[in-house]
Each structure stands twice: as C-alpha cells, then as structure tokens.
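Here come two complexes built around chain A, the first alongside chain B, the second alongside chain C.
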Partner chain A sequence: MAHKKNRNVAIIGVGQTKHSSHREDVNQPEMIHEAVSAALKDANISIKDVDCIVHGNMELFEMVHQPDLWHVLGTGAYGKDSIRITTGGTVGTTIACASDNLVASGMYDIVMAIGFQKLQEGHTTGGITNMADPLWFRNLQTGALTGSTAYDVIQEFGEDRAKRAAMMYRIIMDKHACLNPNAHRAFGLDFDQVETLMNTSPQLVGELRLIHMCSQSDGACAVIFACEKKAKEISKKPVWIRDHITIHREETFNIFGYHKNYPVLKTHKFAAEQLFKRNNIKNPLEYFDVFEMYDPAAWWGLDWLRDFFFLKGDEHLRLVENKEIMIGGSMPINPSGGVIASNPIGATALLRVAEAALQVRGDAGAHQIPKEVKHALASGFGGTMWTVLMMLEKELSW
Partner chain B sequence: MEYWGVKVEDIFDTMNDRFRPEGAKGVTAKFGYDITGEGKWKIIVSEGLLEVIKTDDISDCVAVMVCDGETFVGINIGKVDAANAFTSGKVKIEGDFGQFGKTAKMFKKYVPKKAAMSTRDYILDMFGTLVSRFQPQNAPQEAVIVYDIGGADGGVWTAYIKDGKCELKEESPEKFTVRLEVQEAKDWVDVMLGKVDAFSLLSAGKAAIVGETQLALKLGEIFAKYQDPMASGTPEQELIVLKKIISVDQKFATGPVMGKFLNALKEKKILGNRCPKCGRIQLPAREVCAECRVRVDEFVEVGPKGQVRYMEYVYYASPDPLTGETRETPYGMANILLDGCTGNDTFAHLIRRDQIDRIKGGKDDVSGTRVRPVWNEHRTGSIFDIKYFEIDE
Partner chain C sequence: MQKRVAICAVAQIKNDPNLWYARFQNMLLECFEGIMSQTKVTFDMEKGIRTVITCSDDVWDARTISNNGMTDVVGAHFRGEEKMAQESLNGLGYAMASILSGHDDVVLYMGHMKESQPESRNMCTNLAFDPFYCRPLGMDFVNVNAMQARAYMQKSGVTEEHLAKIVVRSRKNAAKNPFARDNEPVKEDDVMKSPLLADPLRQLHYYPSTDWAFGMLLCSEKRAKEFTDNPVWITGYASCMDSYFLGDKDLTSNFSLKNATERALKKAGIKDVKKDIQLFELCDHAAYQLPMWAEGIGLAQEGKGGKWIDDGGMDEYNVNISGGMLNGNPLLLGGAARAIECFYQLKGEAGKRQVKGVKRALAQSTYGAAGQHQAVVIFEV
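== the complex of A and B ==
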C-alpha cells in the first residue's frame, strides 16, 4: 500500500535558473523569479492559477530570517497561502513531498514549490557547522566534509580500486554536466585523467578530495504540482507522483563504532526498503529507468548506489566501472550532472525531482536519456543521515 | 567603411545611450552632420531629450558639421585631434558655430569595441595593470606572490609587497609567500574575467596553490578586480554588492543532563548514561535514548582512556564556529570508544596534532590506537576542558 491519498497529483511544470557562483547580477527575489517564471511558462499557466506557494532553503545560510517575506516579490505569493519549510539538505524534496500532500489532501488544486540558495551570500561550511549540537559537538565538527565513506570503501575494496571507482563516478558526472546548460561546473574531464586526479586533487578530509566534492552554487528551482483533474486539463505530459518517503535518524554522530555486531541504521537503505516494499517493487534496479540522486560527493554517490538498489558485494562498483550509470547505460544516474556539478543547496533536492520529471516527459534536452523513461526515482539527503525518496511515473497505472 | 574598427553608424547608433541630459541643459536645437560618402544625420535636442535621425533633410539645422568618415570617427574615438582637424579644414562647421560647440558636452565618450583580444593580450594586460590595482589597505605588511601561468601564452610574474607598496617583476624567486600555479593561461584569463571561479580550477587539478593558501584566497581584496577592456561600448551600471559581517553573542542552556556531563569534566570525569531498555551508554549523556524513546537516568563514569575507532584526517581549513578563526591544519578529529562503552557510542574529540599520523582506527574486535585525555589546567565545564586525546604509551 502506497501512501494513502485522497486524489492523484502530477507535476505540470518545472523551471530552474542557470546555476553558478557568479549571480551578483541579481538579488535573491530576482533570481527566484527566473525559476518561477520559467516554471509558469513551462506549465502554460499564470501565477493567478497557483493556490499556494511552498518555499524552502537552508535556514540562515544567507542570514535572512523569513526570506519568504522578502521573496514575495519574486515568488508571486502576494495574497496567497504561503508556507516556508526548512529541513536542511533534504529541503528541496521535503517541499516537493509537502506540495504533493497539500494537493492530495484536497486543500489546494495547484501548488508551487520553490527551492533556492545563494551560497555566495553566506558561508556554507560555517552554516553547516552550525547544525551541530551547540552544547558540545559544534566545537568539533567540520561542516559537511567527511572522509569516512572514502575510508570505508577503501577498507572494503582496496585503495586502488576504490579510488579509481570514485574518480570514474566523478568523471561520469562531469560528462553529464557538460550536456546540461544549467550546470554550474562542467570541466570537460576525461577518463584518462582518473589516475592523475585521484592522486593530485587537493585533499579535504582523508581521501575526500576537492574534485570529489560538490560545488557551492547560487540557483533556484520551481516545480508546479496539480490535482489529477487540473493536471489533465492543463498539461499534455503530466508526471505522476506515485509515492514518497522520509526517514530521519538521531541527530548525533554515533555511527563510527566499526563493529559488525553493531550495525548502523542507514537511512537510505531503510527508506528504499520501506518504499519499494509498500509499492511492491522487488528489483528497483530493473524497475527504474533513471535515478536523480542527491550525491554531495563522488564517494557518497558511489557508495549509496548499493543502499538504494539493495546491491550485493561489489555490484555498485561494477555499475560505475562498466559505465552503466552513464546516460546510455542500464541505470543512468544524474543525467543532469547531479549535485557535484550544481549545488544551490535549498534548490538541490528539488532539482532532483525536476530533472527526473523532465526525463519522464522526454524534455531534458541534450541530457535526455535515449530510452523511454516510464519510472523515475529522485532522492534528497541532508541532516546527518536523513533521506527523502520520491517516485515519479509516466502513466497513472500502478 | 570602418575606421579603427568603428563605423560612422556606430557613433550615431550609440548617441542615445551616451546622451547626458545634464550636459544639454537649456539647449533646444537641431544639429546636422554631413559625413562625406557616408550620409547625413540630424539630431534634435529639446528639453533634455534627444532624437537621432538619418535623413537627407538637414536644411532646418542651426549648424551642420561637414567632414569625411575617417575624421568623424577619429575625433569621436580620440584618434584625431578635433581642433587640428578644424584648423586644417578637414572639419567645417556651417551655420552657428557657437551653438554647435554645445554638442561637445552632450555625450559621454564613445568607447570603441576592440578587436578580439588574444589570451596573450589579456595576460599582458592583467599583469600590466596589476600594480595599479593594488589595494595597500587590504595587503599584508610583506609578501611575495608568484604567478606561474603555464602554456604558450603564460609566464612567471612575481608581486613583491612591502610596506604598502607593490612591485611586479618577471621572475621566479626561490623564496615566496605563496605561489599560484595555473596550467593553462586561458583558464587564468577566464578566472580573472569572472567566467570561471578559481575554486573550480583547483578542484579540477588545473591549478594549485603552494605556500600560504589563506593569502591566495585574499588576492581578490589585495588587488582590485580586473576590468575587461573588451567590455565597453556603453558603460554598464555598476552592480553593487553590500558586504556585511554579522557577529552575534549567543548562550545556550545545557539542562540538567548535559549540565551534569559538563560539570563532571571539571572533576576530570567523563559521564555517560545507560539506557534502561537497550543498555547502551550514551556519550555525552543525553536526556532520552532516541532509539528506544525512553528517559535515561542512570549515570556511569567511563574512560577516561579508550581506543580510536575512526579518525577524520582534516586538511581543509574549516572555521572554528566559536571564534570564526581558521583552525591549523592538518588536524585529527577522532571517534574514541572509551573504556566501558560499546558499539557506536563513541566520543568525539581532537587528537594531539603531532600524533595524528600514528593513529589507527579499530575494526570489529581489533583495537584501534589507545588514547588518553589531556586535561586543561583551568576547567570551566566545557568540552575543551579536555585539550585533546594523546596516544597512551
């Protein structure tokens, strides 16, 4: 049984800005407005048709309290119901889930979710460090940077293979980013650089190197959700939301015991298990045609494939080594270039949903995958180890 | 025809953008231009407004400038001296000479779009203007900054900063404060023009910083932004970026449970508390066991020695959120399983900096490096009553 819903909900419009570290040309509401007007144009509706705005970003990253008030200039929320949500890195998917819930409940027919961030206007690592418990852990932690996954993968598969696979993942993401005109960082890396980059890119924490890590971007994304009736009236290609799930865990860092008798609750795996079980999906790797994953670093992207798809042994490494995660492969991951290429954090997880929806519609342009996309998966990640998953469908037939 | 890359039309086509109403105060008149072989134009000035028309009918103008295209363009872009051209007869003014003189104040200067600059042109221009862009108020007392720009268009330049002065030499000294190594000159040009951020180059391994990274990150303040000479024609509006520094005093209540843990640190004791349901010892002590959702009341003294299970070997200079200061790198932050604790309930703290290369993490039943806390003489009930952990030898 999927989520209980009063009625079906579809995505009828998506819009995004170009993601960049050089958006001094616009202020926050102006930047948001670019995404909002693109989404309205995509849906072929006007702001008058939107009943409610759901606004999200990373709390206090730009040190603006209630940015949703200032942003009314760009969001179009004047005189409408407006809700602000901030759940950290997951926020983009959380506002998508909330919008789905708001429409499914019958409260609103059309809801627009807007995620944004102007990371250049604040201090990202400082902001993330402030998420830690101020009573003690804040003094010790180092923002979102951790070398622990690199350590784990190296321990399990050996240094050379692990480092190569992580760099392969990174270069594949860059190849995808080069096809996406909205991507922030598209370097034009090639596979013959694996060896050089894995040894020379500056180290941040352990074997997490600068090249592995996501960018710090400015950008915004808007996605419009409509009830079944309106979606069928308005849109030629509605993308249906089948189900979504959110899994949290305790917000501390008690996951580093490294003892087989004390397994750690991994929220990605747990969320995927729950979601696929209740939707009767036995083999997600076979079922889904594309996956837009919230992959803040190459090591995480590589490692998490195993959690999301219930892979065994080194299957996830082989998917990468055999380039099966490339646009033409059997399970394309992040045809958009993903989070490593563009990371306006509050928009990032919503971009996963937006890009997955574009793939289902066949409207992704140069980074459209070559086969028909019927079933797409999008993920959000944040907090310490929190997960949101959203399933999108081409046909209303599950 | 083009003269110095500029057409006569370019001058007229940009007149509206270059028009200065304040320079046209009190002028209400029509002026004509008869440019031999190019055509005739008329400009109508009235109450601070301007209209530019290409027309053969310039008979109603109060004054008409007559000259050839080369002279006209030359005067407008500063290649031909207007007074000389007039004196030599290359320029004639028919009609009211005094009135025509007023047009001189009405327009901002025409800035020609230059032919494309090569990467080498840019590199030379960037270093040619470096000293003039120097901002002594933002510069350190003394520094030697080497720019090693690779590729055929590159070279090595060194900026010597001392006592508020900057000197640039084309040389590669052995001693320097920081050295920027960029593999391709083209990449550096893109960074300077704001097309690519320097961080991306570093990420991609196309550039490297040797020496004081902190100084390299401040280069944008030590030298004013490079202005692209190609970005011309009509001057754009200046985009203002407001800079603010927020400094906030904060205080956080610890509550009785965390408070007890912190108080115990004053006595050189580390207190955890045991979940009555699952039996794990939480460290630091917390109000409830989040996994079992029950209140946790039983306090247990653990450690103070233990074994490292995992250590983050941190190279990136992350800011200390308490002070905003950048920590010294590399440093080690370890998850330590204190004696008496089990499973994942490790304690996080720093490792003595000169020992981080000797730390090994444990796995399953194999112990990691044994460590012990080093206490501060003066203890206040803070996590830093423990300075760090050191190897227990």
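== the complex of A and C ==
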C-alpha cells in the first residue's frame, strides 16, 4: 500500500526561542510570540497569510486550562481558525502531522503549528506522575525517570561497554548542543570525561544518572506548513512532508498479556516498520541522511537506534562507539543536541521536525551536517511509549 | 477533489448527573462496542481504523495527558490516536480533514467527560484565565457569561421572561430525547425564581453538571457503503478565535461565531442559512446564548434576539430540538452532542422529536469565556 495524499504539503518556515531553564523575562504568550515571529520571518510571510493555527502543550505542567485562549495574544490566532490538539511528549509531532493533514485536505492553504512549554512555572515530574492511573500506578510512577533500559542494555552487553556507550552518546549530544545557539544545556563535555562521568554523576534511578537525563526547559517552536502551490510561490527551499505515522499503546504495562505482534515497549520499531514498508524503504540507515530523534535520556537514545533502523546485535552500540552518529558521521543523530540538551516538552517534538527541516534546507548554521540532506526523519516520543514519525524530503520525487 | 466525509454510525450513553459507578473507561467502552457491533469495522492496518481521534481534557480528568488512560478502550493499542483538546466539535472537523487529506480512510472519533468528578467546575474554568490578572479576580466561565448576558440582554431586548421560555422549552424538547439528561419539568415561574448564580444568570439558566461519552465512525465517500446504507455527510467545518481580555472586545459582537459560520458555509457551498438549512443545534451553555448564537449564525437579526423569540423563531427554524446544551451535556462535549442530534434528525431516526424534511443541519459549539472560540459544522443527506 503506497501512501496516498490529496495534495502535497511543505514546510515553508520554522521559528524557535532560545531554550532555557528560566525564561523569566517573558510570559507564555510573549515567549510563543518570539517563535511565531521568527517562523513568519523565516517564511517571509505575514500572519495575515496564515489560515489556521494548531496549538499544543500539556495543560497540567503550567496549570492553565485551554491555554490557547490566553495565548491568542501571542499566537496570532485572532480571527482565524484555531484548534488545539494534544497527546503527550509526542504533541509537537502530533500537531505537525495534524497541520499536514489540514493542508493536504484542501480545507486550509497555510497552517501554523505552535508547540510550547514553560516548565519553570510548574512541577514537571509531579505533572508527569499525575499521568498514571490514580488507582493502579500513580504511587509507583517516578515521572519520566526510569532505569529499566539501562538495566537491559547492561544485561545484554556487559556493564563496562554499556555504560561507556551511553556516556559516549551523551557527550556526542553535548558536542552537538555546543554548536546550537538555541540549546538549553551545552556544557562543553569531552570524550576523556567518559569514565569520570560514568562513576560520579548522581544516580537518579539505577544506572540512569543525572547527566544522562534531559533537562526541564522553557521554550517554544512554530512551524509553517503550506500547500504545494503556495509553497512553490512563497519559498525558495520548501521541505516536503512525505508521510507520517502515529503509534500509541495501552496505558498500563501489558494488561492484555504478551502478543507476538505487539511486544511491550516496541512501538518505535512497529511504527518504523509500518512507515518504511508503505514507502518502500528497505534500508532506513542508508536512505536517511539525518535523524532528529526524541531522545529523553542517553540510555533511551542509544537503545532506540536499534528499533528505528532495524539494527541487529550490537550494531547500534558500534554506531555510537565509532562516532557515526556525530555531525560528519554516516548517520548524524540530533545535530541540534537533541532532547537531552533542550526539553520544553510541548515544543520538543516539533523542534525535531523544525531542526530536520533546517538540515534539509542547509540552513542549520554551525550544526549543519556537511553532506547534502535529501531525506530526513524526525520522531516524537511520549505517553506510555508512544511514537510519531515524520519523513521530510528535499525533492518532490518519491 | 473529494469534498465530503461520511458519518456511518453513532453510539452514546445517556447523559447523567453522576455516573459514580462507572470510570470513564467503562463509559467509553460501551460506546466503542456500540460502534463495533453496528459497523463490523476492524483495526486492520490497511483496511481498518488506523487513527482514533478522542476528546477529553487534562484539567477535568485531573490527569496529565488525559487520553493516556483510554488508549486501550478506544482500540488504539499499536494504532494512532490524537486528542482534540479544544471543544469536541473541532474533533469532528479535524476528522474530516484527516480523511480528506487522504491520510486516513476510516476514523473513529470518541470522547468522554465526567463533570461529576471535579470538586467544582468553576475551579476548573478559573484555570482558563491567565495567572496574573484574571485568575486572582476569581473569573470563571459562569461569572464572565453573566457579564455577557447582561450586555447582550440590553442590546437585543431579551428579558427574564424570554430566558424562562427558553429553559421551559429546552426541558420539554429533551423529554422526547431518550439520551438526554433526566431533568424535572419546570414552569416559567420556577425559572424566574431559581437562585442567582451571577446576576443576571440564575441556576436554571445554566446547563447542569453532566457525565457523558460518545463514539462516531467516519469514513471517506468511497468506502461509506462498507459500513452503512445511508450515511450522513459532513460538508463544511470552520472555527474562529476571538481576543482574550474581555476589555479588548465588544462582548455582544459575535465576532468569532460570524467568522466561523461564514467560513463553514462557504466550504459547504451554502448561500442562505435560513433557506438552505432546516435544523440548528446550538451550544447554549446558558439560556441567553440561544438567541445570541442565533444572531451570530444569521437566524435572527442582530440586536433583535428578543423579538425573534416572540416571533417563534426557535420553532420556526427548528433550533435545539434535542433540548440543547441547556438540558445538560458536559462542557467540552456540547458540540459532539449537537452533531449527534443532527445525525439522528438527518437519518430520520430522531423518534418522537423527528422534524420532517430535514436535508441539511448545522451544529455550533463554543469554548472559553464569553464564547471566545467558536466552531460550526454543516451536515447533509
């Protein structure tokens, strides 16, 4: 089944704020306005050209109910069609997919997706814990902090190799973040610190240490989508949306028992299989030039490479150990520094799409990868192991 | 280009003041099973449902990512699910876009809300106000609606007697609707003597707190016959956002509703609301909103809402035959309830309240203080 679409859709503008732990200089609508203005400027259009705004975040992090109502002061939605679609950490990619659908439907020509979060104004781990079922799991939940992947990787590959690979991954992300002026945390770590950090960074849960984990950030991102006709009129470098897929899973772990087609925690692999199958992509590692992955922690980033690219044995560890995931490597992962560097949750997954689009355009500045980017992949992660994948293309040639 | 999308089946539970014995998962499961048994639809990756659109809200459920708790009962395990966090009618509009885009052929659209769960619905809606200026003043949807009610009543000659008439009619209509909330029938005098919530809004002028869930199966024009012999078509959808601070706008202007209506009608290719549409379902959270929204969509002349009621406008144009939001639907799901009434009426399955000769219907919904956000969907057979 080839993927069909009513009409083609392209990204014609992206904008983001500087991400930081405390954007105390701005309130929520003001912070969003920074990203919106940047995206409009990037697309070289005015807010009058936008037909519809799609807004997304998670309400309980800031405790504002339906924040799109207040945020109209900064989003530019006044007088326009305006909806609010939310999922979990995936929300940024969900609103990107929704914008693609809204434009492809023919109902709107230009749609702007806006993701934001101001985590400073709430309690992130409290907010995430509140996601769990109040009767069954809330008392067991530790927010997004989980040590089980670290345990699994250590079991499979031995303690020393696993810990070194996870820390290599972390340091590579920091090196990328140091090239991205919008990144929240960019420490200047170096590879000779692997051993020290493995042993001294404070433990959060098991072998998940503070240095492995993403930050809590304030930040916003806006991405503008246009139909083929408008995109070609407006943009010199439109980035085409080829396809996207969303895969969620049940809330409680394994309540229906194991099923061989739906193994627990394998939504990434399932989503990638379905998406690549219907787009005739046999070897994703070869096909894609860059991957902006939603990697909330170094252990997850390391482990998930295997799921997304169908790798066998220790191939994913070797990609990291050989620095193939660095800018300049064979499969650059998160040239932006990724989620470990900056995590304004409602914006985070949209930032993956925005950064992937910048790479396709060749406009990523200091963190631009050195080879031509024709095919880019972006992922979102959230909920209880939910996955969203979006494929971006330089040419309308598939 | 394909322009319309089919509604193949609807399932719902009865609107209830307090479903204390059911979790929202139970409520949804009942609707889900209703859809499955009516349509025999599957979750096959190629031919079945790949995308579920749900409606719920984090604050009302007191859960971050409120759609997280329902993934399994709506069939979204290893399938796509997206939550419309705005008012539910927008979920229907978004489902329409998802199908017209070609990305999906078949979409399951479901929603739940238990207003009996929070301690106070005013505390929930207070959180919709900015934390610096409005929230500390104690603003919520009720007291802000009261300000709008006062301004609108003055502008349009709507009196306490008119409001009482609207409430009495709502309850009479709802008594013919088996899924409507069971309310005591009231007389006009009861309405005018009911306790004040926020002047001029009285308790009986305001929709009662309600629990409810629903499901709906939508699909592309090409595939409709697989699931039903007589689908209802969605032909137009639009929404609009007004400004936020009350001082920044004329509370009686209907700015966002006029825009949403105009854009939805344009998409559906309809020129004359009064002639071309035979049934209207409006989200009257409070009694004054029925004539006010009627003005907004062009059924009543601007500033003449009172006269429009006196002239029998509500019955002439078949407005809120279901009993409307005023009889009780949960706040976020008022739009879905309106859409479902349009569906039954167009199918000719509205039982004792069936209106004859309905070919087109319009559903309207609103969210935010004083109708800040508005949405309109057009249906056809």
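One rule holds for everything that comes next: the second predicted complex is superposed on the first by the 385 of 398 C-alpha atoms of A that agree within 3 Å, B and C clash if a C-alpha of one lies under 4 Å from a C-alpha of the other, contacts with A are read in each partner's own complex, and residues count from 1 in each chain.
Here is the rule we use: a contact is a pair of C-beta atoms (placed from the backbone, for glycine too) under 8 Å apart; a residue touches a chain by one contact, two chains touch by 3 or more.
Since this is a predicted model, take the numbers as computed values, not measurements.
Engineer: Could you tell me if A:L189 is touching chain B, chain C, both of them or neither one (first, second, both, neither)?
Structural biologist: After superposing on A, A:L189 lies in contact with chain B but is clear of chain C.
Engineer: With both structures superposed, pick whichever of chain B and chain C touches the larger number of chain A residues.
Structural biologist: Higher number of touched chain A residues: C.
Engineer: For A:K18, is the partner it touches chain B (first), chain C (second), both, or none of the two (neither)?
Structural biologist: Neither partner.
Engineer: Regarding the shared-chain residue A:E250, is it in contact with chain B (first), chain C (second), both, or neither?
Structural biologist: Both: A:E250 reaches chain B and chain C.
Engineer: Tell me which partner A:A77 touches in the superposition: chain B (first), chain C (second), both or neither.
Structural biologist: second
Engineer: Would you check which partner chain A:K4 touches, where first means chain B only, second means chain C only, and both and neither mean what they say?
Structural biologist: After superposing on A, A:K4 lies in contact with chain C but is clear of chain B.
Engineer: Is A:M63 touching anything from chain B or chain C once the two structures are fitted on A? First, second, both or neither.
Structural biologist: both
Engineer: Which of the two partners, first being chain B and second being chain C, lies in contact with A:T125: first, second, both, or neither?
Structural biologist: It touches chain B, and chain C stays clear.
Engineer: Pick one for A:R161: touches chain B only (first), chain C only (second), both, or neither.
Structural biologist: neither
Engineer: May I ask you to decide whether A:K232 touches chain B, chain C, both, or neither, giving the answer as first, second, both or neither?
Structural biologist: Neither partner.
Engineer: Following superposition on chain A, which residues of chain A contact chain B and also contact chain C?
Structural biologist: Touching chain B in the first complex and chain C in the second, residues 63, 130, 134, 250, 252, 255-256, 261-262 of chain A appear in both lists.
Engineer: Spell out the residues on chain C that touch chain A in their complex, using ranges where they run on.
Structural biologist: 1-3, 45-46, 51, 57-59, 62-65, 67-72, 76-86, 90, 93-94, 96-103, 124-125, 127-132, 237-244, 255-256, 259-260, 263, 267, 367-369, 372-373
Engineer: Help me check something: in the complex, which residues belonging to chain B touch chain A?
Structural biologist: Contact set of chain B toward chain A: 194, 197, 199-200, 202-206, 208, 239, 241, 246, 250, 252, 254, 258, 262, 282, 284, 286, 290-291, 309-310, 312-316, 318-322, 324, 333, 335, 337, 342-346, 348-350, 361-365, 383-384.
Engineer: So in the complex, which bits of chain A are touching chain B?
Structural biologist: The touching residues are 21-22, 24-25, 63, 123, 125-126, 129-130, 134-143, 145-148, 151, 155, 185, 187, 189, 193, 196-197, 200-206, 210-211, 213, 215-216, 250, 252-262, 264.
Engineer: Which bits of chain A are touching chain C when the two form their complex?
Structural biologist: 1, 3-7, 27, 53, 56, 58-61, 63-66, 68-70, 72-73, 77-88, 94, 97-98, 100-108, 121, 127-128, 130-131, 133-134, 244-252, 255-256, 261-262, 267, 270, 274, 382-384
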